[in-house]
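Each of the next two complexes has chain A plus one more chain, namely chain B in the first and chain C in the second.
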Partner chain A sequence: MKGGLALSRPANSTIDDQIHTLPLQATYYLPAVSYSRAVLHSQYEPGQSVLRGESIAQGVIAPTSGTLRAQVNHAWPHPSHLEVPTWELEADGLDTALPLAPLAQNVTTQDKLSRLTMAGVQGLGGAGFSTAKKIERVLQHTERTLIINAVECEPGVECDRMLMQSHASSVIEACHALVEWIQPTQTLFAIEDDKQSAIDALTSDKTHQQNPVLTWVTLPAVYPSGAESLLVQRLTGLHLAPNQRAADAGVLCVNVGTVMAIYNALNGNAAIDRLISVSTQDLMHTTTLSVRFGTPLNAVLKFAASQHTGLAEALRLNPTAVQVGGPLSGFSRPIDNAPILAGCNALLIGPSHQSQPPSACIRCAECATVCPANLLPQELYTAARSDDHDVLKHYRLDACVLCGCCDVVCPAHIPLTQWFRFAKGSVAEQAQNEADAALARTRSEQHAARVEQRALEKAVADEQRRSAAAAAKHAKADIQAALARVKRKKPSA
Partner chain B sequence: MIPALQSYRQANPAQRRDTTRIMTRVCWALVPGTALMALWFGPGVVTNGLLLILLCVLFEAGALLLRQRSIRHGLNDGSIVLAAWLLALCLPPAVPMFVLVIGAAATTLLGKHVYGGLGQNPFNPAMVGYAVLLISFPQNTTQWIEPQWLGGWFNPDTWERVWSQITASSGVTSAWDAVTQATPLDQFRTATHAASSATTSASGMSGMSGMSGMSGVSGVSGVSGVNGSNTGIGIGSATSIAWISLSAAWLAGGLYLLFVGLIRWHLPVAMLAAATTTYIVYTVWMPDITLPLPWVLFYGGLIFGAFFIATDPVTAPSSRSARLWYGAGIGILCVVLRVHSNYPEGVAFAVLLMNACAPLLDRVCVRDQPQ
Partner chain C sequence: MTWLALTSLLLLCLAIGYGFARLGNSQSSEETLIERINDCLPQTQCAQCHFPGCRPYAEAIADGRAGINQCPPGGDATIHALSELLGVEALPLDKQFGVSKPPLVALIDEAVCIGCTLCIPPCPVDAIVGSGKLMHTVIAEDCTGCELCIAPCPVDCISLVPATAEITQWRPAAPEQRS
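And now, the complex of A and B:
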């Protein structure tokens, strides 16, 4: 990988090497929209009671048993700071699970995929892509590659390392189960060289030693080497076309946490929680929590503070805002009851960085030097400002992974990544509008064609009726003529 | 800055970047050359610089006020100080005040603010200002005095000249003609032109040679048709030592910029290599009009231009391959202009011409990546 930033934790920082599980909350918030803000439809009515693991809508799983309340507009953990329609789930405290039997060994692929969908398994690396869809695409290829992504690469995001360290045998088992299912020609386990404790835990596992199907790939700890498109390109040499996903090329790249979620789903446990690293902004203290989806942000932070004095002190000094996500990829938001969702891997407590007022771009091209996708951010920036989609395409906005490296080195303090996020939204919106327009045009043309066809059919039918009537008239006249001839003959006879 | 990146920044001091810091560092890199120039050419070098910086800052503040931008924020980046300084280094000592005012106006307004200020200008502002002065006031902008180590500082005449710089309302008086002198490139040029064509006269219109690029000669200095060695510009003379030591100082400043990572090697190396190659071609083609090779680089403004003028990030292309082409273009044009144009030095016009090509180069040289 070219570019990127070699980031590291502060020298004397501490990581709490225990996973703390959040106690059951009174209320959970479940957004009724997908990450791309598409509205999710559901057959559930307000007042209906649900069980833990019950699928309320596509990708929305009840994190505990309780009663659904009516949808309200509620805070949403997204850089846009929008409010979206959200279900409130009032927990009944019993935490009764929906009985889901472990799938038998011999079930079909389709059964397994529908189980993943039903259990709400989605990518835990950040994007929240539906795992079932991803696997379905990969299974269409005969030559498959499996990449297990344990490259967290961002300091302050420690949840994958904690998972591998504390549940090494389960992780190995889950990887083996996935390999068994996908039957890849090659399985790469990508991990960074600063996670030696995790590597040791995994490689000393007995199951792994007996059946070493995983090929270890140790990468230097450079941010953002864990970004999927960059990792796939680096490990397989595959260059993806714009808008092509790795899955379309037969490469299944899944986060190690997602591998566990797949394994759990196949064994009857719905995906209702994830691990989250909670740190202070200076990364001096880090702890890891197991949090159910839909848990309000303020409850998570309160619990984290109760477990760790360093975090409590930081929260006491900065009680209003928190950074959701890692130091580079994250965004700042007020501490409220916005829910934790699958894409949230870290929280940082502390003063959010004072963004200096941006000045003009002097085109020093430092951003191009650190860009891991080998782009020219300074050109993309001017194109994004003028919202020029052709130029954005020319400079390959689609290849930007929004890692934020360019923001760090920009001497003019320009929030480049924000501009690229905006430009991506603008391009997507235009594409959507064009697709809508094309659909409307097709519909209108089809409608016109149908009207014409109907008119034609009507004309043909009319013509037939008319000729039939004329024929009948003719026949009647013939009969009358024959009768007249008969009458005329009779008197003479 | 993001606190979590502190450890990264401590490990990578080059990343502690800031526009103001960049401009300040480039100014530091100019200090040795400027000091040396002041020692050779007297206090007029310093007054040029100070007056131009003052004027440019005033024009910049006025432009920001009219454009309703924050004056403090706009001046804070230091870019206008650098541009004024670069322009001052191109001018002979103690240029009359009205010339400086017009130069400052052209640099700040025509070079920078008509396009929208910092980062938006397609042409190097200092070179825009210099080109305007060169074409409008060839006498004032090309009249270099004879370099004299420390001489100017103890000569009452030079101080009087500095005083008249501020008070005089018109150009140079004839009293100063005796001490003015062409730069080495000028003299070689005039000499070779006289040798190759008997009709050539020392026109009053030669510009662009000299040190920082670009100075010239006035027609009254009486060097027409005289062999270079007779006029004291041969190797070892005070004049040649002055110009060569200046180029060495610019080289040192440029190497400092390379060392701290503010510029990259591609552009200056491409420019100097292309200039050298073109010069060799000319040596083969027309052997009678060229300087010996090492002096091609050290006389004139090639080194100053390669490290301080062409590397202006705003007006140069930003991808590496584009920078190679851009530097090579300046190098070639510079020598072609030296040989064929009416000006003995071509750095300023070469830079301006390639500035115009930079956006095109950037667009053509999008980093190739197999799709």
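And now, the complex of A and C:
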């Protein structure tokens, strides 16, 4: 990979090498909105009881047993800071699980895919894409490649490393199960070289040593090596076209946490939780928590503080705002009861990096040097400012992974990534408008054609009726004339 | 000298050929122009421009019978696109035709609807489903928010609501331009 940034933790930083599980909460918040911001609908009524693992709506799984309350507008962990319709789940404290039997070995692919959907398995790397849909696309190809993404390149995000070193044998078993299902021609296990403890734990696993189906790919620790499109291109040489996903080319690239979630779902355990790294903003202290989806953010931070004095001190000094996500990819939000969801891999406590006022671009091209996608951010920036979609397309805005490397190196402190987010939104909005217009146009043309056709048919029918009436009138006149002739003849006869 | 004469003759032939080609295409280039204008329009089919739909408005613009600033749903974006396409000045939207609004869709209050079917024929995109004395409903994905169904309704049960949820419409803002 060209570019990127070699970011590391401070030399004397401490990482708590234990996973702490959050105790059961009284209330969980389940947004009725998908990651792609579509509003979700459900058959469930307020007051209805649900069990842990029960699917309430597409991708929304009850994290414990309890009673579902009516939807309310509730805080949502998203850069928009908007509130969204959210189900409140009042826990009953029993934590009764929905009985989901492990799937037998010989079930069909369709059964497995619907199990993943029902168990709410979605990508834990950040994008939150439905895993069943991803696998379905890959299975349409005969030549398949499996990439297990354990790169976790952003500093301060340690949950994948913690998963691998704490549950090495389960991870290996889950990888083997996925290989068994997908039957790829090769399976690459991509990991960064700064995760030696995880590599050691995995490679010393007995199952792995007996059946080494995984090919290890150790990458230097450079951010953003783990970005899916970049990783796929680097490991397979595959260049994805705009809007093409790796899955469409027969490459299944899944986060290692997601591999575990797939394995758990097939064995009867729905995806109801994830690991989250909680760190101080300077990355001096880090701990890892196992958190159920829907847990309020403030409860997570309070628990983290109770486990680690460094975090407690940071939270005491910064009690109002937290960064959701890693130092480069995250966004700041107030500490409230917004729920933790699948895409949230890290929380950073402390004063967020204060952006300096931007000055004019001096065209130093530092941004182009660090861009891992080989783009020209300075050109994209100019195009984004003028909202010129043709130029944005020319400089391949679609290939930008929004990693934020260019922001870090820009001597003029230009918020480049924010400009690119804006530009991507603008392009997407235009595409949506064009699609809507095309649909409306087709439908209006069909409507007009039908109206015209009906008018024509009516005209023809009218004409036929008129001529029939005229013919009838004519016939009547003929009869009258004939009768008159007969009448005239009679007296003379 | 000979090669100069030959070259100029060749150029002349090419120019004449091109001229004939253009002449032959004038009918289709007129069609293409209308199509390209129509592509700039939002296809709402609302007739606020005083023409019975987007395509007739496109024809009127091509003929010089209408200005480029008569489309309220298209707003500034449409005016900008037309001004660029036709090389004419981008005038502000003419307010006599209406004002730009956020995307809306029609919603039938199903409890009030009497099933009269009067709203169905005016819909330019066939987005209303219903039958006599039976409840009607709007297919929100197909509705363009043209408002043509509102006037015919005898019980005023149709209203316009935002096309999508606030969260679906949200998109990242541009950074504050301080430099």
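As a convention for this text, the second predicted complex is superposed on the first by the 447 of 493 C-alpha atoms of A that agree within 3 Å, B and C clash if a C-alpha of one lies under 4 Å from a C-alpha of the other, contacts with A are read in each partner's own complex, and residues count from 1 in each chain.
Definition applied: a contact is a pair of C-beta atoms (placed from the backbone, for glycine too) under 8 Å apart; a residue touches a chain by one contact, two chains touch by 3 or more.
Keep in mind it's a predicted model, so treat the numbers as computed, not measured.
Asker: So, A:Ser359: does it touch chain B (first), chain C (second), both, or neither?
Answerer: It touches chain B and chain C both.
Asker: Looking at A:Ala437 after the superposition, I want to know if it touches chain B, chain C, both of them or none. Which is it: first, second, both, neither?
Answerer: Touch status of A:Ala437: second partner only.
Asker: Which partner does A:His394 contact after superposing on A: first (chain B), second (chain C), both, neither?
Answerer: first
Asker: Between chain B (first) and chain C (second), which, if any, makes contact with A:Ala6: first, second, both or neither?
Answerer: first
Asker: Examine A:Ala38 and indicate which partner it touches, taking first as chain B and second as chain C; both and neither are also allowed.
Answerer: second
Asker: Quick one: classify A:Val84 as touching chain B (first), chain C (second), both or neither.
Answerer: The answer is second: A:Val84 touches chain C but not chain B.
Asker: Let me test your reading of the model: by the given contact rule, A:His308 touches which partner, first (chain B), second (chain C), both or neither?
Answerer: neither
Asker: Identify the residues of chain A that lie in both the chain B contact region and the chain C contact region.
Answerer: In chain A, positions 357, 359-360, 412 sit in both the chain B and chain C interfaces.
Asker: Spell out the part of chain A that touches chain B in their complex, as residue ranges.
Answerer: 5-11, 155-156, 239, 241, 281-283, 327-328, 348, 350-351, 353, 357, 359-366, 368, 374-376, 378-379, 394-396, 408-413
Asker: For the complex, give me every residue of chain A touching chain C.
Answerer: Contacts found on chain A: 33, 37-39, 76, 78-80, 82, 84, 357-360, 384-385, 412, 414-415, 418-419, 421-422, 424-426, 428-429, 433, 436-441, 443-444, 446-448.
Asker: Okay, in this complex, where on chain C does chain A touch?
Answerer: 38, 41-45, 53-54, 123-127, 142, 144, 165-168, 170-175, 177-179
Asker: Flag every residue of chain B that touches chain A in the complex, lowest number first.
Answerer: Chain B reaches chain A through residues 1-8, 11-12, 15, 17-19, 21-22, 73, 77, 79, 117-120, 313-314, 316, 318-319, 362-363, 366-367, 369-371.
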